[in-house]
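So, here's a batch of structures to check.
Both complexes below contain chain A, partnered by chain B and then by chain C.
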Partner chain A sequence: MAAPSKQKTRWHIAVFLAPAVLVYTAVMIYPLFNTLRLSLYSEIDQERIWVGLQNFRTLFGDAIWSDQFWNALANNGWFFLIHMLVQNPIGIALAAILSSPRLRFSAFYRSAIFIPTILSFVIVGFAWKLILSPIWGIAPGMLDAIGLKFLYQPWLGKEEYALTTLSLVSVWQYVGIPMMLIYAALLSIPDEILEAGECDGITGMAAFWKIKLPLILPSIGIISVLTFVANFNAFDLIYAAQGALAGPDFSTDILGTFMYRTFFGFQLQLGDPHMGSAIASAMFGIILIGVCIYLFGIQRRLRNYQF
Partner chain B sequence: MTALKLENVNKFFGSVHVLKDINLTVEEGEFVVFVGPSGCGKSTLLRVIAGLEDASSGTVTIGDDVVNTVPPAKRGIAMVFQSYALYPHLTVKDNMGLGLKQEGQPRAVVEERVSKASKMLDLEEYATRRPAELSGGQRQRVAIGRSIVRDPKLFLFDEPLSNLDAALRMNTRVEIAELHRTLSASMIYVTHDQIEAMTLADRIVVLRDGRVEQVGTPMELYNNPANRFVASFLGSPSMNFLERSVPGVPDGQTIGIRPEHLRLAQSGRISGRVTHVERLGGDTNLLVNTDQGETVTVRLFGQDPTEVGDVVRLEFAADDAFYFNEAQERIFEAAA
Partner chain C sequence: MKTNTLKGVLLATTLLGATAATAQQAELTIESWRNDDLAIWQDKIIPAFEAEHPDIKVKFTPSAPAEYNAVLNSKLDAGSAGDIITCRPFDASLALYEAGHLADLSGMEGMSNFSDVAKSGWSTDDGGATYCVPMASVIHGFIYNKDAFEEVGVAVPQTEEEFFAVLEAFKQDGNYIPMAMGTNDQWEAATMGYNNIGPNYWKGEEGRNALIAGNQKLTDEGWVAPYRQLAKWGDYMGDGYEAQTYPDSQNIFTLGRAAIYPAGSWEISGFNAQADFEMGAFNPPVQSAGDTCYISDHTDIGIGMNAATDSSEAAKTFLNWVASSEFSTIFANALPGFFPLSNAAVELEDPLAQEFISWRDTCESSIRSTYQILSRGTPNLENETWNASVAVIKGDESPEDAGKRLQDGLASWYAPQQ
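What follows is the complex of A and B.
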């Protein structure tokens, strides 16, 4: 009696899950594990052979490789730090301003600030290259117009500025995302709580620091981890603006561009899918560790509030 | 001294006229209840008093000061919200103390006032809990505690009991009444529940469509309603309004009789058939369909053997009847 009814009720679960599972496996799970597998092989005399962890030994032990790796990782860390210190605070501030009911044209500002996010990285990278160019750029002229020409530097061309400049371009492009997430979180705070604050004399900036900010901390946590993952996977903007060599002199090289160069080859460097996979696996490990620290170390301490 | 004085207060939301020429005085220590159906403007009026909304015209005076342009925190009021509106991220103690800290009160004063309020409301053991860890009734007490510590000239309650279940509502009602006696503070209380209004109020303000319909003590309003709306709003079960069933009432006039003023009598003026009986133990409510097709509620004290389908005659004392004209206003010369 029970057996046929069990069959009847069970098989549809598999049917409905199948499309998503198949697609996800094909585009995410299989490539991930294949990349991890590929990093354990090498090609010698046009033959793929098992080398175990040899690729990782090369990556971290061989000075030529490890210098590049640590350079890319350090640059990536700086890239992430700038996003955390500039993009997210500005995003939160913009959201706080937008959520003020007295602001006029807030829908317009919201869209205007969000538009760069939907632009292609090619357009953004190229447009900023043109803007900042010492030859055709409008940046020198604009600074001149307000008498600040002495501040101008060929920012993308100098080793000490290039990475920071590109980080800020990326901030400009993506600041709409934290803004939107925080904006939604701020709107979900019930009016009555803010009115209770008003009766307690907590208005304006005090209301932000003492009521709104503690209540949006969970959203800020989510944004931080999204920023971390996105930054350590970043590649496109650097590639569009500086090319795969991430110049000048690798000063804008991040893990994504390093991996791309290694995997596919660039100019005189031959592509090496196995070393490339080793770098990709290392990136995966770094992101995994970062996300785990967030999930187990930070998110548990954040309270989610039900209103 | 008066605690609150409203003079010709009007409020528009865009072109919608929400409050129409409100005039009202609340004396020191008085418990005033605003009552009315939803959408009558009672909450808006409370928010205008609190300063969460600005009056479009007219003056609001709290104590001796005109407060039209004074922000809520400086008006000397404290408000208890329907949803409690506690700060979810703060403990009970900090919820109560935040306003005082913001004022810049010394830590010792904050501690002292918070612990005094906690003691008064039996919240001491919950001092370090957060709102999410409290029951509805406890949250409500924290919200009341938050208003007490501010030591306001005027307490404002916005439907504070409507999120509680029936048993708790009764208890909290008693607690609020006791609080009023202990603090002897002026309080304004908004509700749509006429029982809360009748049991708590020194004076009731009945509002409809943004207008004050009548102001008076609960018994004044009950015994002497100014119009049919007030008569129907107070009292439970509500007053019967009959146009045809009582012989001798002129056309266009309505006679109003409270259910408890009707009694079964052999020679009664109203005759009809019982369609429903509610036996509450202490009371018995009959629904009677009169021969003229109107429905009458009769409230009999004690238990009564009347069954559904019985034909009954009902009688009432002339003094207990109210008469209303077509404009629904009360008319005092009894009909022929």
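What follows is the complex of A and C.
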């Protein structure tokens, strides 16, 4: 028998990893850490100086900043809640219906529901603004046609409705993503299991609740995390529909728009990259905490079924 | 260190490039955000200048308005910016001057053609140095549909009372939306609302300077009264005005569906092209007949010199020409609605523009109250004014509360108000 040879340095691993690592470092890791670093500085008399945690003290301690921050965070929370309560259940229901073998034209429905996801948020924001517009929109006319004109409100212009309306527009746009993921998960459930269930008398709705749903729980968990990260990073739709001041009266202001306004400035407000970075760092922290809660609190408890 | 070296290299390359060009003929490059005006500069303004000064070549190189400040800042830092810089008013340009990017032009002969108000947008806080030649201003007022006024049989209002009587008449008549404005985009409420009618109440420059000096407060009658007026506007705006955007308002008016449009003069060219009815304009109504009227004649565009330019003589020649009445006449007629700021008399051809500029003779000019100095801190007074004006129009906040909120915000960082 040959003597155990000394392990060779496996260079090919490094070589194959290098492109991805380099690109990821240049476009993700470096900017992330540079943003975290920037939040510890401030500019005084044209010079950048180290101020430690002063920016965060201002952000959380000074009412001018903290009121805006908590308002944005609360709005973000509501934005997320609507997605969790509306987008994901609808996505799961659509997937369940689509995966039914008796449904005709399912490929057509699947594409039709998924298409808004690939539209630009600018188009979505603009199109919905027009649909809901009190002046040119079709919403007042359609409600009038079925005798429900009294229900019409200039939703995007009212503080109490604007954020919910925009959340629902976002749900409309992105409902295709949970639908597709759940659809894929449902298709991967082997027929043997369902047939075994049928032998035991579990059919129809009961099969969905008792067999399919427990089996797709890990996918639902992943979707929840993706929704969480996407919602707390959201910016585009609000900016496209309501502008950087996130009107009316900051009722649609979320962390993304608050950060944008602070970092780049707005109208006469000059940009402050350091306070902006502090907000971005806080956003990073919030998302990190949320993802950690999921990873350590939930995902570890999920059972993996081996087929 | 690294960036400094890079800057040095960039600077050296531009210097080399520039000296090669100056050997025969001076070439000036203009930085601007007015890419809408590219054709006017190339076809009218630059040929007129080059005809007089054949030894100087001028190139107009605009960038997109939203990116202009960022692009300009990085070009200046890298030393690759043009010789002539179009200046935003107030703090954005002041920051450039303080960073040494804009040259002090106070001593230039052309500067004597401008009043202090005109120069205020591009002067240091104490007025000691002026670093950009004032180029154009925009005037606020109300544009109205003449046909609609005739149809309903109302006259152009002079006073506050007549103004609301006209609005009421249109509301009773029901064929026209009395006033085309929405609150969705927020800035119209402040810019075309509060700062449009406000100068009549705080007495223009007198009140504005007193506010900067700390002798008046935003809770004083002069500053709260405009909010009381705005609070009454909501009744006369179209259905669902809360979600009406700025382009919506423009379209409603030019389609002939509204009677009165609270305006800035920059609308003139667009409205002339869109509307097929006759339009007129009136200045913000005064409180009672015979009062002095005040208008917002806001400094909007200036033009200055890059302190690092190699052809400063040529640049000064050009800037002096911009300060002359010849330039003013070309510019004002090519762009009706952007009015030259120089004291020299200018002939305007557009009747609507003539109407706007005629108020300079009858009324006192002022600029928007929030632009000079007062929007430097956090909370930002301009943004807060947008918010407060909308809240007052919608009836969510009383005029007194709005004034108090703004005053508290201003006093939190502005020493003269503490």
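By definition in this document, the second predicted complex is superposed on the first by the 298 of 307 C-alpha atoms of A that agree within 3 Å, B and C clash if a C-alpha of one lies under 4 Å from a C-alpha of the other, contacts with A are read in each partner's own complex, and residues count from 1 in each chain.
Heads up, the rule we're going with is that a contact is a pair of C-beta atoms (placed from the backbone, for glycine too) under 8 Å apart; a residue touches a chain by one contact, two chains touch by 3 or more.
Worth saying up front: this structure is predicted, and the values here are computed from it rather than measured.
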| item | value |
| --- | --- |
| Partners on chain A (chain B, chain C) - clash or fit | fit |
| Contacts of A:G243 with chain B and chain C, given as first, second, both or neither | second |
| Touching partner for A:Q269 - first (chain B), second (chain C), both, neither | second |
| Contacts of A:P190 with chain B and chain C, given as first, second, both or neither | first |
| Which of chain B and chain C A:S133 touches, first, second, both or neither | second |
| When both partners are placed on the shared chain, which of chain B and chain C touches more of chain A | C |
| Geometry of the superposed three-chain model: angle at chain A (Cα centres of chain B and chain C, steps of 10 degrees) | 160 |
| Lowest inter-chain C-alpha distance for chain C and chain B in the superposed arrangement, angstrom | 51 |
| Chain B/chain C common contact set on chain A | none |
| Complex contacts: residues of chain A adjacent to chain B | 190, 192-193, 195-203, 206, 210-211, 214-215, 303, 305-307 |
| Complex interface listing, chain C residues touching chain A | 70, 90-92, 95, 98-99, 182-187, 238-245, 248, 252, 370-371, 375-376, 378-383, 386-387, 390-391, 394, 396, 409, 412 |
| Partner chain C, residues of chain A touching it in the complex | 46, 64-65, 129, 132-136, 140, 153-159, 242-243, 245, 247-250, 264, 266-270 |
| Chain B residues touching chain A - in the complex, by the definition given at the top | 50-52, 71-74, 77-79, 81-83, 85-89, 98-99, 102-103, 130, 132, 146, 150 |
